[in-house]
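Pasting in a structure now, in structure tokens, and then I'll have a few things to ask.
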Amino acid sequence: MGRGRFNLLFYYGIAYLVFLYAPVLLLPMFSFNDSIYVAFPFKGFTFKWYEQMAASAGLTSAFWNSVKVGTGVAVVSTIFGLLGAKAVTRYRLPWSGPVTGMIMLPLVIPGIVVGVALLSIIRKVFDLELSLLTISAGHVLVCTPFAMMVLMSRLEGFDKSLEEASLDLGENGWRTFWRVTFPLALPGIVASLLLCFTTSFDEFILAFFLAGNEVTLPIYIWGQLRFPNRLPATLALGSCILLGSFVIVTFSEWLRRRGAKSALPAGL
Amino acid sequence: MSGALDSASSPQLAQPGLGERVRAFLLRSEATRGYLLLSPTLLVMFGMMIVPLAGLIALSFWRQHYFEIEHTFTLESYWTIIAPATSLPNLLDEPFGLFANPIYLKLLGKSLWMAFTATLAVVLLAYPMAYFLAFRVVRYKMAWLILITLPFWTSYLLRVFAWKIILGFNGVINSGLTGLGLIKEPLEFLLYNPTAVTITLAHAWAPWAILPIYVSLEKIDRSFLEAATDLGDGPFHRFLRVTLPLSLPGTIAASLLVFIPTVGDYVTPSLVGGTSGIMIGNVIQSLFGKANNQPLGAAMSLVMMLVITALVLLFLWVVGYRRMRRREA
Amino acid sequence: MNQRQDFISIQNVSKHFGAVRAVDALTCHIAQGEFFSLLGPSGCGKTTLLRMLAGFESPTAGELFIDGQPMSAVPPHQRPTNMVFQNYAIFPHLDVRDNIAYGLRRRRLSRRETDAEVEKMLELIKLPGYGARRADQLSGGQRQRVALARALVRQPKVLLLDEPLGALDKKLREEMQIELRQLQRAVGITFVFVTHDQEEALTMSDRILVMSKGRALQVDNSTLLYEAPNCREVADFIGTMNFFDSTVASVNGNQVELDAGPAGRLKVGSGGRTLAPGMTVTLAIRPEKLQIVRQKPGEGTNCIQGTIGAEAYLGDRSHYYIEVPGLPRRIAVALQNAARSLDNSTSTGQPVWLTWEPGAAVLLTA
């Protein structure tokens, strides 16, 4: 644990951060650049790409579609994840290993396979029209494992005997959930909602396969990438998304840390 | 009533009603209560994943005629993939020439190789970062972790696109280097090839690799390292003999987490891979789109999944996963 | 006072976790108003049994009755029991007052009435005015008392305590042992207390159930458990015991003569058991019941010859470890130092004779 190595690793850490951020920071940088071409040198500062972005009808409708889908998916996935997490962490279930594994399966199957499989079922078996609902269904499939993971780790980290104490003191299962489990798991629930929303908001592959006439934002962006003159407006959009994500993630972290302190078993 | 209790004087019970019996059963059977709670989630996941996968498997055994799917059982699609060549292959020109339609297996092989190199790159780059976080950062660990994951809350497409900007002909690197006078002509080899795909993937999957490795390193009891020092190991040997083996579970998790989805990725190759960077994902996507041969697409997807599973199992066996789990248990 | 002897009736209860039998066909009755302890080493099933009484586990077989009512269809929140958990389980998001008042919600008392109940409890546990504190502002001992108050405020018929004193330091633990005992006598509720510390059980309980591997070994009060253990496991678990593996040499009415191998021939009472020559038995004697003498005692008195192997001087008493050639372990002897002075002290290697009062030894067949 010598001092020399400390400095080397530290510089590596900084360099790595630069590597991570550089591509991402390019987006806001060039979104203010007064030029269609994304290249050095800078031509001038302008807001016009942001104006162009806000004025684009296709973009705003895609944005709201993504918000609608994301919200619905977040709520539904979190509910499924909560049920699953509670069942697995609070009950001794035979076969819980394989069952949990099955629920986590969407995480390890390549997105394209999931998309293709769902597409064939929806079209061939159920003969449904593709729409925002089909996109939502696909997203619920991939978000539920995340929700369950987040909630499982939250529920495991909190003292099981708190719920037993509540039962012991006369509250039935449902009231115990509202008076004890929910308040203490709240940071996890919020984290799950945010994680699922962000995952759905950003998800492209499944959405692409399962979209009908209404598109989500990633699909819209994909379409825009073909047109070089629309490029800077797309960058403006990306910068806004970056800022929004930053705000959401910071908020979620702050919540999580507040919650973590109060759920630790007293004294531990 | 005093002294011993015999069964004749045990409390009289009224015959329990059906409701009572059901409740008693539910109380007794923890497994039933648990699975009842789990049932909505289980049903949804089963219905939306197992059933479609079964459908995909069925589809791979059918035939497509223009826009109709003929539900006759046939091994046509699989045969297309693995059928051997009818004429003698020139193995120097076409290594996969042993097959009649070399493109499928060739692309699969290429995708596996690209995913492998990308995984290697990601993990090798991420490990020192995770090590730095676990062992060198004392305060603000959370801040570092947030900083690392933050960029990845942006749109995946835009991040890939950002690399296109960086590596492109008129892109950031080229215009920067030209502007600085370091080169006369823009570099052409940066974009639209497999290397660009690897670099982009190494960037895209970074947090997925860092976090499991970090967690694994963080969990290592520092007193193991102190014991190793006490027994005569210097820092390098300590790392090799204690830290590295103990961080293996996290590293393996990270590798799998990155490798498996990457094989089927088609977004990155589309944007930065050019024609030489095309991967199996692109082929599958087109089979379900323009090329219009869904059974073949289904068969290819399943072959891809099977190959991935086989490779993963092989990898785990080689790393002695089972030995490690037994030691941990 | 009409005290039911079978206020809590555990009838042939078993609990299996897969292949593991945590509790194995256990039958036991607990009287109303008793301070009853479940004692045994880790893994013996005592906590599982307690949790079955509380309703958090259901028996795989057998039946539980509390105050004559079968508990099989009664979920934990409807049982007449309340539990003090091992780690207290104080709700971190509520203050002390809300913690104690938690179980009162169903009684729909007015705020004034609830406050009055909480105050009464705070007085009882000697923490008046602590209502507004939160869990992380309390010490371990204080949290334990809040957990107690929270359970007692509901006036349960049975209070279940799961090793509540395990996390406290020695001095606090001893204080709490006395307090708990006094509290129990004051409120008159049946206490079922789980512990692995035999001294603790012996101090506090009216009766103790000694368990091992899911089975009940012996149920008795402290004195009987100590003086008359019914098997080797109980004798070994409670206090220290010297064991001599022997075979029955001859039976003479209610006296038996044993061949204790290297320890010689020893006589002991049969304790009413039917014994035959050749049976394998164990003779057990507590260290404090042995006496060390310099000369061989007279005929008819049990004695063992040996040398002093090691000695531990503890100020008010001394422990001697006597070696007898052929015996696998040294014999432990505990003597008060009343008759000892700097003149007549013993030394290692000294040949001595051990003897004991008739009736001081226990014969074990199991």
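Order of writing sets the labels: A, B and C. Residues in every chain begin at 1.
Assume a residue touches a chain if its C-beta (ideal position, glycine included) is under 8 Å from a C-beta of that chain, and two chains touch if they have at least 3 such contacts.
Note that this is a predicted model, so its numbers are computed, not measured.
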Chain pair that, of all pairs, has the most C-beta pairs in contact: A-B
Farthest-lying chain, centroid of Cα atoms versus that of chain B: C
With chain centres taken as the means of their Cα atoms, state the distance from chain A to chain B in Å. 17
Taking each chain's centre as its mean C-alpha position, how far apart are chain A and chain C in Å? 54
Send over the residues of chain C in touch with two or more other chains. 55, 75
Going by the contact rule already set, what residues in chain B reach two or more other chains? 30
Residues of chain A whose C-beta touches two or more other chains: 92
In their shared complex, at which residues does chain B touch chain A? 30-31, 33-35, 37-38, 40-42, 44-46, 48-53, 55-56, 59, 69, 125, 128-129, 131-133, 136-137, 142, 144, 146-151, 153-159, 161-163, 165-166, 168, 170-172, 174-176, 179, 203, 206, 235, 256-257, 260-261, 263-267, 271, 281, 284-285, 288, 294, 297-298, 301, 304-305, 308
Residue ranges of chain C touching chain B (in the complex, touch as defined): 4-6, 9, 11, 29, 55, 58-59, 65, 68-70, 72-75
Give every residue of chain C touching chain A within the complex, in rising order. 17, 54-56, 75-78, 81-83, 85-93, 102-103, 105-106, 135-136, 138, 140, 143, 150-151, 154
Can you check the complex and tell me which residues of chain A touch chain C? 92, 159, 161-162, 164-173, 176, 179-180, 183-184, 262-267
With touch defined as at the start, can you tell me which chain B residues reach chain C in the complex? 1-3, 5, 10-11, 13, 16, 20-21, 23-24, 27-30
